[in-house]
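Pasting the structures here.
In the two complexes below, chain A is the common chain; its partner is chain B in one and chain C in the other.
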Partner chain A sequence: MKARKIVSLVLALVMLLAIAVPAGAEGFRKVKVAYATNATDETFVGRKKGLEELVGPTLNMEFMYSEALSDAGALTTFIENAFASGCEGVFVDLANAMDQGAAVANDLGMWYVGVSSADSAVNYDLPYYVSVVGASAQGYGTSYATAIESVLSDGEEHSILILSGAAAYGATSFIEGTAGSLRALQEIYGLTYTRDINELATSSTSVDAENDKGVKITVVPGMGPDLTNTVSPMLQSGEYDVVVGTTTIYGSLSVAVDEVEKATGKNIFFISRDVLSDTIGNAFHTNDSTGHPVMDAVVTQATFETVSGMILLRNAIDGYADNMRADGRCSRVPGSAPLVVVSAEQFDILSAEDIPFAFCTAEDILALTGPDATWEAIDAFGASLTTEAVIEKFNK
Partner chain B sequence: MTQSNKFLRFLKQVAIALALPAIMFILMELLIYATQGKHLFNSVLDIRNLIRGSGNAAAIAFALSMNLTSGRMDLSLGAQRAAGTIIGGLIAQALGLTGIWYLVFAVLCGIAFGALVGVAFVTLRVPPMVLGIGMACILECVGFAASNGIGLKIVGRAGTEILSDASFTIVVVIIMAVFMLFLMTYTRFSYNFRAVRGSQQIARNSGINVFVNVAICYTVAGALVAVSGLLDSAFAGSMNASMGLTSNGSVMANMFAMMIGCAFLSRYINQAVGIISAAVALRIFGMGLTAFNVSDAVSSCINMALFIAFLVWQANSHVLKQRKYDRERIAQAQEMKKARAAAV
Partner chain C sequence: MKATFARIMENRWFSRMLSPMFLLLLALLFSLLTGGRFSNPRNLRMVLEQALVVATVATGAVFIFATGNVNISMGAATALIATLAAQAYLASNSLAVMFLVALAAGAFTLAVTALLSTALHVRVLYITVVMMTLLSSLQKGILGSSTIQIPYEFTSALKNANVPLYIFLGFLVFCIILFHFTGFGRKLRYIGINDVCAELTGFKKSRYLFLAFVVAGIGVGLGAVMTIIRNGSITTDTAASLNMDCMLAIVLGGMSAFGGSRSYVHSAIIGAVTVTVLNNGLLMIGVSSMILQAIRGVIFIILLVLSQKRPKGLPSQEG
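Let's look at the complex of A and B:
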């Protein structure tokens, strides 16, 4: 009798706990997914926060994160460790080893989503290779062109320093970001380059984009903290008054730019690729020593790819992999082009406290899961998240 | 020694200390002007860059000199640099402190980590390189875990502008140089250091506590690399929580300055001054390569090739001297033989 009472009590407790599980997780089996990243910078911090606070509770997913990985060997080790610790899926943000990682995950029976601005080149027909997400290279090109047109269409002459990031290593988003910037300058100044734009964008050394109008444009490869040592001397020559970063440059170059502005009394326009963080917000709202905003435009790091990747993995794990793949191969889900923020007002709207991660609410995410969801629907939803649409949706 | 002799000797040492940076500056200036039509230094900002870069390099070179000259290759210096900077900075941020407190806490953490490695070395008796690798892995993880993987972010933080100010860097470098000059020249520790470097057995037999001396070396090295780490991250805006032993790259890159200062210039001038002189000269060289638009990879290749060439010359310079001496002796013997034959 006493045993029956105890068992009843335990069962009642279990039922109570089940009810206490968040509504978004209802119906979802708890799963663990590995997240392989190429950098543990502010972008990663923002994505991690979004996963922990929105995607995880909504889709009942737990995440295991890697340290900053740089090659296929490190990625393979991480995937194997993830498998050993119970992960059923892996999300890989390491474009240069994406396809190799897919083979490893496939061997282990782990569902796989990669992030890249280009489609998969090999292994795309592996059964566990679900999708490649990530804003397309053309999207980055368009966004950078928009940012440059917004900042430089003042009719003045400028000298531009374009930091091409990993373009020299073949990273397509950087190539298109650089090429898009060069094309935008071509439009603004009506100039013709003496060399091919793609050749300039993928140069492995600093190169002047010589043109018929004599506008000073220089393309400099490289990224990371070492960029400071390479670029600072160029800025300090006083020749440039526009810096365009196809990679995150605000953190590493803000001090150098500030020093040059103070020394020369000249404003330097700053266009960076970044997340909508407090640091960037301060940059938009703060004036430099010349009285202009520190930050002039930001091409945001695409965040929808993280959400779409997890939705694709969730659906694949739940048995709907066929709807997430495209005709026997991994699908390509570029989603939206990166948003462009060109003013403090736009920044405030897009980074308000109540704005959800990747501009996706829990309802939006849940609507893209289940047996009726398709990769095309996920892609279409991502494509609808333009700057104007997001501002209209959330600026109430 | 008379006063005038002392003064002349002092002037000679000053001239030697300035010679290497001056020669390097003239060389690079001529090359750049001849090929590019530009100057090496175009504004006061270039001078600031030189000071900042030389200060960083000198701090790391000082740290390397504490152990490497005694045959101990500490591969955990880079990790001590990263972890000390990250954790010291995070402590300062958590306490709501700004500015110089970042440096204070970074140095304190550097001291702690350096002492940890030093005590581990003298206690466990593991070969220094092996211990260095292990401790590097551990300290990198410590820095990573403490910062949740993102390292230390200084950009945009109010009150941290002073850390990237050139005047502040100059003051820190001067303090560091004076400290090292005093520590390695006028203290009992410096005598014990040189005795241990000469022969550990003899030093031990003469009553020097080798273990304490070595532990202090590691501790001082930890403090010095933390200074470098904090100054570097103040300008770059952040210190990344790197893993996989990648933190040691920045330390290895400054080994050349240490070797020039310790193995060459120290014959003529004080070692601490020699290290600073070498750091400035190599920084000028690096700035010259940047002016030629040389990529980072090629610049590193050139630096390392010159470093190896220097080491080869350093290891074999006595051979040239010996050959010259042998030639003179042979010539002398032949002269004597001829003279005797003539006498007969």
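Let's look at the complex of A and C:
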């Protein structure tokens, strides 16, 4: 009788503990994961918010963020310190040291996901190297082509200035962004370039993309604050009425564009890469001195890669690494191509308060975790997040 | 009370022991706060490995600092030499060739810096500002947009064999003997105390400055080899923060920013490990990396205030 009472008491206690101390969100064990970033800019702040508010609570993950890292040495130090702090996985957004970081994490026994628009070049068979995520270079090319086609298919002839960013330094997303823009113009005007498109996209000096139709197209490399000094005089010449930035150019060039529009009375179409921030929202909603919207199209910074990377890490940590890797090597999960926003209405839908980070709900994330989840399923879900699909899903 | 405090601050042993004691206390504190995880042998080894590149380059730089001069081109020199040495390795597939190229290029680059300063009669600081830009441009010219990748098997094998640690220990012993147990080291410190007085005594400043830069160049060469082993790749961002880290390490390690009699070779390793311990320990106790910079800054300022007061009565150029 006494033994039965003790057993009942123990069982009751176990049940109470089970209710009072859950294993974590949806039964997940709490894990800590490191996030190494190359910049602590607006994009990073947005991703951090998304991780803290959506991914962390959903998958019971805690995150440790780095300072802005620049090279493999700083990344190595951060990964080692993250390991010492109890992190079981690491997510690395530093393309120039991605594969070296994988080797460091592998030596420490930490699961590893890198961000790049290209696949891993070396170290891909290391057992802890789970995946390379990030919109593919081709995805950027397609998105820029879409943006240009939607803005310039008015039957008019335009003069176009394409800012190729870091394409001259071999950055694949910039190369494809520039090449995609050139291909779209080829399609719109039915023209033929006298030089190879890739050669034009990777030029380290300003170059005219000469063509048989005589359409004025100039490719200008470079990014950052210096861009204003290079590009402003070109705009002031009044020759160009379309500016396409494969990097974030709104902050550095919007004033220059506005001044030229006021001086010439001619509208300049503005296409940029950026995040869906309040600043960009204002640019879509405000008309310039010629009565046209300040911003005509935005190719968004990819956000799904952050979510997919964390899902891949969560699954690997939980023991399903084989499903997250492809045939004995790290998988390549490009996921969604960057979304293209071409109107204030689209911007309002995609940036509404209740839109979840990276357009993924907690249910979407949970559906991609567990023993049955595969990297192919995660990739396919990302690929389904097109601009049209997202607008249809969240437009109420 | 004030006089007693001033006496303690000027005490030779206080200035010598302040930084090591602070480092020890810091390590004990982090061990307590992390329940012993900080003092886990694996973590301590990681901390040491993280500090080695800075410690090696800074150890060589002590010879320049001791003369009262500052070289701010150490990071750019290390990056350029790492680029050359990595290319030499890839071309020859020989570790010995990589070492030789790094040592020769390191000593040569810094020797040129010293010669430019003494031949043109321009202050070392100004020459090193120019050299920093020049060396960085050279590296960018060589690398362009490419990344030099060193095979993982090669760097991993050297890491596992503790090669960086042995390189550092060998260089440290060499520097300690040269700086603290030979006339050369004493003369460098004398120049740091008062270079005019040293010249009048018969110590040719240009000659000793040249030799100090050559020793620092060897440190830069070895640091470049260690950078290759640790990073496994070289880009134009390699060693971007090394210069500031080295200067910080020397000063935090207890060496006077004015050089002279309070110059110690061990300052470099104490300072480099202090910076690393702070980063590692603060992250382990859960401090966010954004706040970490602020905390680190406050601690550095306190240490600087405590250790960098120029002793009263020390003969100097100002009298």
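Definition applied: the second predicted complex is superposed on the first by the 371 of 396 C-alpha atoms of A that agree within 3 Å, B and C clash if a C-alpha of one lies under 4 Å from a C-alpha of the other, contacts with A are read in each partner's own complex, and residues count from 1 in each chain.
Here, a residue touches a chain if its C-beta (ideal position, glycine included) is under 8 Å from a C-beta of that chain, and two chains touch if they have at least 3 such contacts.
All figures in this text were calculated on a predicted structure; none of them were measured in a lab.
Q: Considering only the touch criterion stated at the top, classify A:Y169 as touching first (chain B), second (chain C), both, or neither.
A: second
Q: A:N96 contacts which: chain B (first), chain C (second), both, neither?
A: A:N96 contacts chain C only, not chain B.
Q: Using the superposition on chain A described above, determine whether A:S237 touches chain B (first), chain C (second), both, or neither.
A: After superposition on chain A, A:S237 lies in contact with chain B alone.
Q: Taking the superposition on A as described, I'd like to know which of chain B and chain C A:D364 touches: first, second, both or neither.
A: neither
Q: In the superposed arrangement, which partner chain does A:E67 touch: chain B (first), chain C (second), both, or neither?
A: A:E67 sits against chain B and chain C alike.
Q: With both complexes overlaid on chain A, does A:D119 touch chain B (first), chain C (second), both or neither?
A: neither
Q: Once the two structures are superposed, pull the chain A residues common to the chain B and chain C interfaces.
A: Chain A residues touching both partners: 40, 65, 67, 74.
Q: Which of the residues in chain B end up touching chain A in this complex?
A: Of all residues in chain B, those touching chain A are 42-46, 48-49, 53, 144, 148-151, 153, 155-156, 164, 234-238, 240-244, 287, 290-291, 293-296.
Q: Show which residues of chain A lie in contact with chain C when the two form their complex.
A: Residues of chain A touching chain C: 40, 64-67, 70-74, 76-77, 80-85, 96-97, 99-100, 103, 107, 121-123, 166, 168-170.
Q: Spell out the residues on chain A that touch chain B in their complex, using ranges where they run on.
A: 40-42, 44-45, 65, 67-68, 74, 204-206, 221-222, 225-226, 228-230, 232-233, 236-238, 250-256, 259-260, 263, 278-279, 282-283
Q: Which residues of chain C touch chain A in their complex?
A: So the residues of chain C touching chain A come out as 37-38, 40, 43, 46, 49-50, 53, 144-147, 149, 152, 156, 227, 230-233, 235, 237-241, 276, 279-280, 283-284, 286, 288-290, 292-293.
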